[in-house]
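What follows is a pair of complexes built around subunit A, which joins subunit B in one and subunit C in the other.
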Partner chain A sequence: MLQPRWLPYLLIAPSVAFLAAFFLIPLGQTILLSFDGGQGFSLANYARMAGDLNFPTALRNTFALVAVVIPLQVALALVMGLMLQRMTRGRELVLWIWTIPLGVSDLAAGLVWLAILQDSGYLNTLLFQIGVISGPTAYLNSEAPVALFFAVVLAEIWRATAIVLIILVAGIQIIPKEFGEAADIFGASPWTKFRKITLPLLKPSLQSALILRTVLAFEVFAVVYALGGRNFPIIVGEAYTWQNENQNYGVAAAYAVLVMVISLTATIIYLKALRVDPETQG
Partner chain B sequence: MSAPRKWLYVTGVLALCAWVLVPIYLIGLGAMGGRLAVFKWPKSFAPGDAGFAALATFLKIEGVWNAALNSLIAASLTMLFSILLGAPAGYALARFAFRGQSAFRLLVLLTRAFPLAILALPLTVIFIRVGLYDTPFGVSLIHTALALPFAALVTSSLFMGIPREYEEAAWVFGCTRWQAFRKVVLPLALPGIAAAAIFAFVISWNEVFAASVLTVRERTLTAYLLTVLSESPLHYRFAGGFILIIPSVLFIFAVRKYLFAMWGVSSK
Partner chain C sequence: MKTLNHLACAAVAAGAILVAPVAKAQDLVFLSTQLRPIDEAQKVREVLLKGAPKTTYVVEEPPQFAVRMKAEQAAGKRTISLMGALHGELQPLVPAGSLDTVDDIAAKLASSGIPAGLMELGKLGTPNQQYIPWMQATYVLVVKKAALPFLPAGADVNALTYEQLTAWGKAIQEKTGQRRIGFPAGPKGLFARFVQGNLVPSYTGSMVTEFRSAAAEKGWADFKALWATVNPNANNYNFMQEPLMAGEVWIAWDHIARVKDALTAEPDQYLVVAPPAGAKGRAYMPVIAGLSIAKDAPNRAQAAAVIEHLLKPATQLAAAQEVGFFPVVDAPLPPDLPAGVKLLADGVAKTQGAKDAIVALLPIGLGDKGGEFNKVYFDTFQRIVLRNEPIRAVLDAQAEILRSLMIQTAAPCWAPDKPSQGACPVT
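Entry: the complex of A and B
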């Protein structure tokens, strides 16, 4: 029989080696590449990135998306989670339907909303039939950046609320029933119960949902491309353009480092702001 | 619940179901309607007559089959690698207390706080050099980096759910550690491992950025759709989107029992 002392190391060795090769090394290389100006260390790539015409717009668009999408998603997922909690019949079916978007790619989600929001699409047909508009109207072009913004918001909320829902429902499930029962005895209203029991005990789940969603939201890319092409610049889209169309790997790497710095900062902020006390952990 | 509140509640649940399902129905209409339905105004909300013929036309376009095949290969390899590498790590996390365990956990969690697909950028240079560029195998490697941490955490929670005593009983009856694992633990863990594998498949099947950066001719379906997006007619885009969605819906149905075990635990 194998010696248990080194057995665990043998078991984790393959995944450690793999993550080193495809996570840690490329991570280091991205950082090196972004500071490589041809002859040694240089900030030329960053200067070129910051000086690009699309850069301020891309930055603003990305942050605006995160700021609008995430609070709406968390609120919606909380409502859905509480609805599921009191559901007696059909819970399985409803849960499956609500989690379908979890398997839908961002590209497909963008195309779904393109079918609805394009000039002669289903939304316009509906608006035409109730007499609001008189013919096909365009929303998804560079003349209407606000409409395009809300199209992306809709698609992102449609696609990615499911993951928040699952993390929150998993969190709600481990809250002991006795807490709610005790609150009932003391005559607490549903709103008080939600604020004083559910929400505080849900903090660890909220924290992981927020971190995961925020990191992914800063990576938003294919939804935007499907809906508006390059009419709505975003950070990762710019990285893709610099890499694939301009063939400038240095500036693309600078964009990648920017995304990583933003993601890490957001993660640290959530960890600090939603500090989880050890005693409330399940 | 009082009657009006109950009514409000039921309406809310149904409205949220419609919010998920109606858009899928509509892209289905767009995909099945063909060229004529796309330019029709006002649109009809009922299924047209083109049906599967329109989807079949889409699949005959140069490159679509090849792209779908590449997606399938990349996703299958991702599934295989992330389970083969991730499940042993999950078992180690579940059964042993060892030095460096928390460092390993940190490494796994760290991968989730990073936009991993972005790391495909420096890999292009290396992949070109070693001949992995523009192959489904190369794509599957970066997709495995996305799915592996998840597979390790999920399988670790699965193994934790199987009592250690079962294994110990098998040892007493003369099984080796490996035999005990294969005959006692594995059969119990298999459905959950299958669910985790399906999830790795979906992660790869849906990924756009890394696949687009790492391929030129041997595109995956998502990468193919992304590159032809601006020049292809609308009904082709809808057909492509619809074809991307169908497997995902089925997969989520297949793993629905394990969704919480997976995400609930892996999010800790």
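Entry: the complex of A and C
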């Protein structure tokens, strides 16, 4: 039966309306609010944001986190994905275990790591019992910035590598086996096969995974909030503080717009850098 | 058949859920920014409101409280009748026109023994009563007895100075290898209140006007020395009862309601004393929660009855016992108080009764700029103590921000600053 031409539009209309009502309108309001200085258009909120003592630290911390976490996650997910591909038995079980963190909320993940890493936490208890340390050691305060940074990196990797893994596993599965078999006939090494076949054909999946993860990494909040509190300022954390504690919605909106601009820029960079040829898009 | 029964039960339950809000709408809605944690809210519902007219007690974070009041007003549909909030949270609702005056209730309570000064605060600078004082609290120093052997010679634990507290912290650090003094400087902690209400006025006798004075400079230098003996995790502490109970901290400053659990768990382990004194005296900040009735309240008469119930001496004593806020009415604490609450009551009495006490009130008249006012003090601490910037330069820079904030809000001075004509000056 031939379907009427307007049917697809009708079917997506509710989701479009939903997006407009709960995403586009608040987005527009936030942008307007960020430029509202009390008496009409003004850049006062942005000046206030850029002049705040936590702003440079928040910016630096956020970018440092993204720069360390994303490459590690992609590399890890690639290795895990390729391992899964070679497994013949128990593949589903391993995949299931690896993706458990996906079901854990950000804040809960932060609290789990807090329980491990705080002074009276599991790690200190273990190290004390095997005699490595003589008393509680603090890893999560401003006097140990490097340890705090790596605690956050660790928690983020634990929490959010699974999403990259899922996308890459899906990508690996659709690579035709014939390419690998052909390469075997010509005597290609596993490394050459990875470089010349897997990686290029995985580009569309890598692009999606990178965009998704990077945007989410710039918006990291709950894990840092649980582990570092005020010791590790980040952009979204500052937006929260300005909104909730300082009760200045204008500056909070300026931070929100900043996060959006950074995310959009990152997306455009990935789209350009990892340009996917139409024929590999499937 | 069993399945059918289940279905029927589910349908009845669903129906009950759908109908419940309609039935509830007849009740009095009491919105509070105080006693928010689940266990405290439950105590309000089960203990403090027992015997009062039927009331639905709901809680809200302070920023959302103001937003909700404004939103209801803008929508022209008031659901809340009674409000419980801090002095400084109710204040911005006066210019917004959200409060009904409660002179009639104040008149009825004239003989209840609410101190005249407290009642006057409830007028919020207007000729009429805007709220009825409900409960009071303050910030104290909790000392674990394990710390007492390290107390420096000549120091009286009930009348400490900042220098003595520093020497104490140092002695503990030298003997135990641990920094055991704690402040709630985490994201949800009340550390800004310490700087505003204790540290700065103890050295300057002022919260705002003398912000960048030489006396303030000395205070910050002393505090920087003290911070070297403070537990490095202090920036993550929100409520001090947790680090106290975990044994991480032996000497902690906090709001009495935020140390209560530690004291009730092990009352024989602790002392509660007044906060330390600086050059000008021992500043402390009284916290006053009030009860207000919303303008166009759907249930005004019932709200008035609930206020009268909450101010009965028995209810006030129950509040002290259950949630650690103390009576505003004349209600002598009974001798059989639980040991932890008695410790708190002693601490409050010692703080209020100290010979060199200076009362530093919560910020008043800042409207929705209260958060930014706190930020001035917290940023000053961050820059001087955590980032090691030169004290003079930081005070000068932060004083500029404070001055523009005062001019913007036109808030006149409040105690301990001397009354001002117009905005409170920053000299």
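By our rule, the second predicted complex is superposed on the first by the 276 of 282 C-alpha atoms of A that agree within 3 Å, B and C clash if a C-alpha of one lies under 4 Å from a C-alpha of the other, contacts with A are read in each partner's own complex, and residues count from 1 in each chain.
As a working rule, a residue touches a chain if its C-beta (ideal position, glycine included) is under 8 Å from a C-beta of that chain, and two chains touch if they have at least 3 such contacts.
The structure displayed is predicted, hence computed values, not measured ones.
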First (subunit B), second (subunit C), both or neither touched by A:14: first
First (subunit B), second (subunit C), both or neither touched by A:187: neither
Which of subunit B and subunit C A:229 touches, first, second, both or neither: both
Which of subunit B and subunit C A:27 touches, first, second, both or neither: first
Touched partner set for A:259, first subunit B, second subunit C, both or neither: first
First, second, both or neither for A:163, with subunit B first and subunit C second: first
Per-residue contact with subunit A, leading partner among subunit C and subunit B: B
Which of subunit B and subunit C A:128 touches, first, second, both or neither: first
Touching partner for A:40 - first (subunit B), second (subunit C), both, neither: neither
Footprint overlap on subunit A, comparing subunit B with subunit C: 118, 120, 135-136, 225, 229, 243-244
Of subunit B, residues touching subunit A in the complex: 9, 12-13, 16-17, 19-21, 23-24, 26-27, 29-30, 38-43, 45, 81, 84-86, 88-89, 91-93, 95-96, 98, 100-101, 104, 107-108, 111-125, 141-142, 144-145, 148-149, 152, 176-177, 202, 205-209, 212-213, 222, 225-226, 229-230, 234, 237-238, 240-242, 244-245, 247-249, 251-253, 256, 259-260, 263-265, 267-268
Contact footprint of subunit C on subunit A as seen in their complex: 53, 118-120, 135-136, 138, 140-144, 225, 228-231, 241, 243-248
Contact footprint of subunit B on subunit A as seen in their complex: 1-2, 4, 7-9, 11-12, 14-16, 18-19, 22-23, 26-27, 29-30, 33, 79-80, 83, 86-87, 92, 94-108, 110-116, 118, 120-122, 124-125, 128-129, 135-136, 158, 163, 166-167, 169-171, 173-174, 204-205, 208-209, 211-212, 215-216, 218-219, 221-222, 225-226, 229, 236, 239-240, 243-244, 249, 252-253, 256, 259-260, 263-264, 267
Residues on subunit C engaged by subunit A in the complex (per definition of touch): 61, 63, 177-178, 185-187, 232-233, 235-236, 246, 248, 368-372, 374-375, 379, 382-383, 386-387
